[in-house]
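Before anything else, here is the set of structures, which you'll find just below.
Two complexes, one shared chain (chain A), two partners (chain B, chain C).
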Partner chain A sequence: MNVNTMEYSATAKARPVSGKKPSIPVKCRQRNRFIPAFLIGVAVLSVLSLLYLEIDWLKMASRVGDIGLVFWDLAHLDFSNMDLIASSLVETISIAVLSLLYSLLLGIFFGMLAARNVFRLPWLSVLTQSFFTFLRAVPTPVWVLLMLVCLGMGPEAGVAGLCVHTTAFFTKSFAQSFESIPDETIEALEVTGASRLSIFMNAVLPAALSQIVAWAGMRLETNFSECAILGMVGAGGIGYVISNSLQGYDYGTAGVAILLVFLVAYGIERVFVRIKKKFY
Partner chain B sequence: MTRRIPLIARDLKRLYTGFLLVAVSLFLLCTYLTEFNPMVLATNGDAFWEFITEDFLPLALPKASRIPGIFSSVLVTLALAMSATTVAAILAFFVALFGSEKVSPFPRFAKAVRGFATFLRNIPALVWAFILFSSLGIGTGVGFVALCITSFAFMVRAFVETMEDVSQDCVESLQAVGATFPQRVSQAILPSCLSGFLSWYLYCVEVNIRASTIVGMVGGGGVGLTLFSYIKSFRYDIALTIILLIATMVIVVDQITGKLRKELLK
Partner chain C sequence: MEPILKFDNVSKHYPNGVHALKEVSFELCEGEFVSVIGPSGSGKSTLLRAINRLIPISGGTVWLDGQAVSALRGRNLRQLRRKVGMIFQNYNLVYSLSVLQNVLHGRLGYMNGVKGVFGLSSEDDKQEGLDLLEELGLADFAYNRASDLSGGQKQRVGIAPAIMQGPKLLLCDEPIASLDPSSAKTIMDLLRDMTQKRNIACIVNLHQLDVALKYSTRIIGLSKGEIVFDGRPEEMDDATIERIYGTSRENLMIGGERNDQTDSAHCA
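Right after this comes the complex of A and B.
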């Protein structure tokens, strides 16, 4: 950011000064002119959106006290259904991990097709990129719902549905990592007559490996929380326990399940913060 | 025997080996635990194909009388994401000021503020929605609050990190000449961090467009609810039309935020 402000002052000096008396500017004049316009636009849009939503604030406010009551009920942890909670939590974690690993492989494959510098076929990369942009744009629960229709209840639907979105995400980010490899490396290998595939396996993939590991770590967090909510739209897992017990006013069980979801998510985050600090 | 020069640094190699080992063992463990069988997907291939060709395609439009309703539900989803993110961003800005040890006037409480945000963040938006549904009742307002909570917590973290990255010496020197807390914020933090904050804000808008569709599915209103009701009533051809509509909405928003971000960081 400091570099930026320095650049701005350089351009500002080049501008002809139109004032009469030279004085030391107190206000930073070199700010991005676009920002105020952007802020005003955002404010207007947000106010319009709030008006459009027509939320009944009074009714909401009158019930705010109930939130406290619900939390009070949630805090009375009830461990009597612990085996059900534990097994569904394990299922949720497993689905998250499995979908991550399968999509890692698929993502590397499709990332290879989508990267412009691997096969040097523009139509192939444009086709893959746009297909996966579409897949990425649709939220995961929608895919899982559709997979449930095809495959029936069970881990298969969860894994397959999560894989759609995760693969699309990995394809985009891996393709970016692959494209950031300097062209010289690839050209040097091209000159030696290496085939496209062996260039990818021996130069592009190893160079992008650290980024792939980082992306995978980041995605595990997302996958876990997505997986935790899948149960709420009809798939199994911990989300089903949470939504079911909340709707059945069994707040103690829901409290335990929510607490466990929080602890696992927090644990994953801490582990990856640690790993990041160690290696970067 | 020829000796080979190691191509990558040893600690990196250890990372990769560890990663591979963890991945393989996790894979085996999870496959065992869930009894997931990838062959099921292959054997159900025809069911897939049938589903896609017969139920999904061709695209069908809902009854003409419902079309305006669908468009207004798309607007509700967009409005929900937009307003929730903005409210969350304003709140997050003020809270983030107290969450950074170097900026906050009460450095002792900075950890507590961040811990609170971590707690809010690590519970998914949909879980918040369910907790709130059971206290506030179903409706757009609850979806709004649920989205607000998660994006608020996310932005507190992002804003604190932005501030810690950027403006320590600036803040310190202002403190040394006796600037008050509001002065420090408006003269040191805002100018140097604003574009960073706004770029996080745009990211949150993108995320919230998706999230508001999902929250809508369980009762928050908007296009998610419309889609959910068509899927539940087995009208997959209409559902596909709405899925395409959602995809278009998300892609357009992503394009716009991408353009704006470039403009902001110029």
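Right after this comes the complex of A and C.
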């Protein structure tokens, strides 16, 4: 009896006594104050953005029906321009593959310079990392537009523009993969008297290869979809067909092109999932 | 006989204020099999890594085969390192490569330029690697991925590149700490037999006192960065063990036959 009352008083102290069955607290005693502050910040910023943009909600609401209409039109696939769509799709894939290939080689090279554990020269890593951070900060379409100015219209500009951003991306991610190789593995080759470059090629690179394949697969997917956008700024490929036929209200052709873009992107993903499984 | 390795008042201070080695001096000759024992943090690993300059020392001189190690840089250091093979507790293989490729890593220090960079081994080296795997009882695994092997097999592979270097001195950093008792015996037997056959001096860091007593020709006891014992296994008595580990013998798990009696006494 005595024990029971003691237990009751102990639990009662933790929460207010009331007629209803009290709920048992489940959260940590020390709450993280950052999350509420973050949510309030987001709310304030959303309100400010809405006020600044002066969105005409009434006009938007009246056009909502058109979304269904356009998709309905897109769904009426028109295969009459199939030869044009097919050739530009192949062109887009080629641009994506070529830019991936060049960037892979460049990324491995610059990733080697950027990784802190390969040459053990901090200034070299910092210099390479910061240079490619700058390249990465500028978005791909801007690089393609710049290359269009330099190299003229056409797929060359697409390849070059994509390469800049992809190489910058690979440099950072490969450097991280190289740095994740345990120091002891490198130490084990250091004691044989091997040079730094030979340690990199014979131990670090093979050990990081499966990660490199994973990054490459992810990036090929991204590059392919970006390629579709790049066509719209004049770098050739299927994006040009999509934007042209949309502007000409040729929704059937655009529908086929968009569907194919989706199918290819999905296919690339599936293929790389399988390759990755084999690698492990 | 000219010593292969000579420590002359070697000290090591880490930036965090730890004195890992305090004026350590000793010599090592061909054919010796030396165990270094001592509690964790007594400087065993630092001692081993000071020899091939994986850790630069702060004072004194390490002489290896007549050359002062601390004075060497770049190419000269790499050439000196070829004379010293090293075996690690965690094997440190490249697990995505084949067993034979891992074995051939021991020759990288001898391969110049393009050959070294792309790992293009000569046919002689490949044959030597295969023969070595045969000797280690791993001939069937030459073309398996290193990740497919068991712990004991991985450590056997770990010995191979060190031997491929054609070293004068073999350093083993707790080679059996992660192994089961049976694999541990295999590894210790291999280390003793292979170094004896090739006349390689060997230094082994150990936590297992019974193993040290059984295999070594000489034992060095380290405590807090100082050598407190340097002699033959027979000279090791309870007082020495207490001095090395800083606690009486009953508080140590030493293993082996010598301890069985006291263990059963405790049980009863």
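Here is the rule we go by: the second predicted complex is superposed on the first by the 240 of 280 C-alpha atoms of A that agree within 3 Å, B and C clash if a C-alpha of one lies under 4 Å from a C-alpha of the other, contacts with A are read in each partner's own complex, and residues count from 1 in each chain.
Methods note: a contact is a pair of C-beta atoms (placed from the backbone, for glycine too) under 8 Å apart; a residue touches a chain by one contact, two chains touch by 3 or more.
Worth saying up front: this structure is predicted, and the values here are computed from it rather than measured.
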item: Partner chain(s) touched by A:124 [first = chain B, second = chain C, both, neither]; value: neither
item: First, second, both or neither for A:138, with chain B first and chain C second; value: first
item: Touched partner set for A:210, first chain B, second chain C, both or neither; value: both
item: Partner chain in contact with A:190 - chain B first, chain C second, else both or neither; value: second
item: Residues of chain A touched, compared between chain B and chain C (which is higher); value: B
item: Touching partner for A:201 - first (chain B), second (chain C), both, neither; value: second
item: Which superposed partner A:218 touches (first chain B, second chain C, both, neither); value: neither
item: Intersection of chain A interface sets (partners chain B, chain C); value: 206, 209-210
item: Residues on chain A engaged by chain C in the complex (per definition of touch); value: 182, 184-185, 187-195, 197-199, 201-203, 206-207, 209-210
item: Interfacial residue positions of chain B with respect to chain A in the complex; value: 7-8, 11-12, 15-16, 19, 23, 26-27, 29-31, 33-38, 40-41, 44, 47-48, 51, 55, 75-76, 78-80, 82-83, 86-87, 118-119, 122-127, 130-137, 139-142, 144-145, 166, 191-196, 198, 201, 210-211, 213-214, 217-218, 224, 227-228, 231, 236, 243, 246-248, 250-251, 254, 260, 263-264, 266
item: Contact footprint of chain A on chain C as seen in their complex; value: 52, 54, 78-82, 84-86, 88, 90, 92-97, 105-111, 116-119, 161, 165, 171
item: Touching residues (chain side chain A, partner chain B) in the complex; value: 1-2, 5, 28, 31-32, 34-35, 38-39, 42-43, 45-46, 48-50, 52-57, 59-60, 63-64, 66-67, 69-71, 74, 90-91, 93-95, 97-98, 101-102, 104, 133-134, 137-142, 145-146, 149-151, 155-156, 159-160, 206, 209-210, 213, 216, 225-226, 228-229, 232-233, 239, 242-243, 246-247, 249, 258, 261-262, 265-266, 269, 279
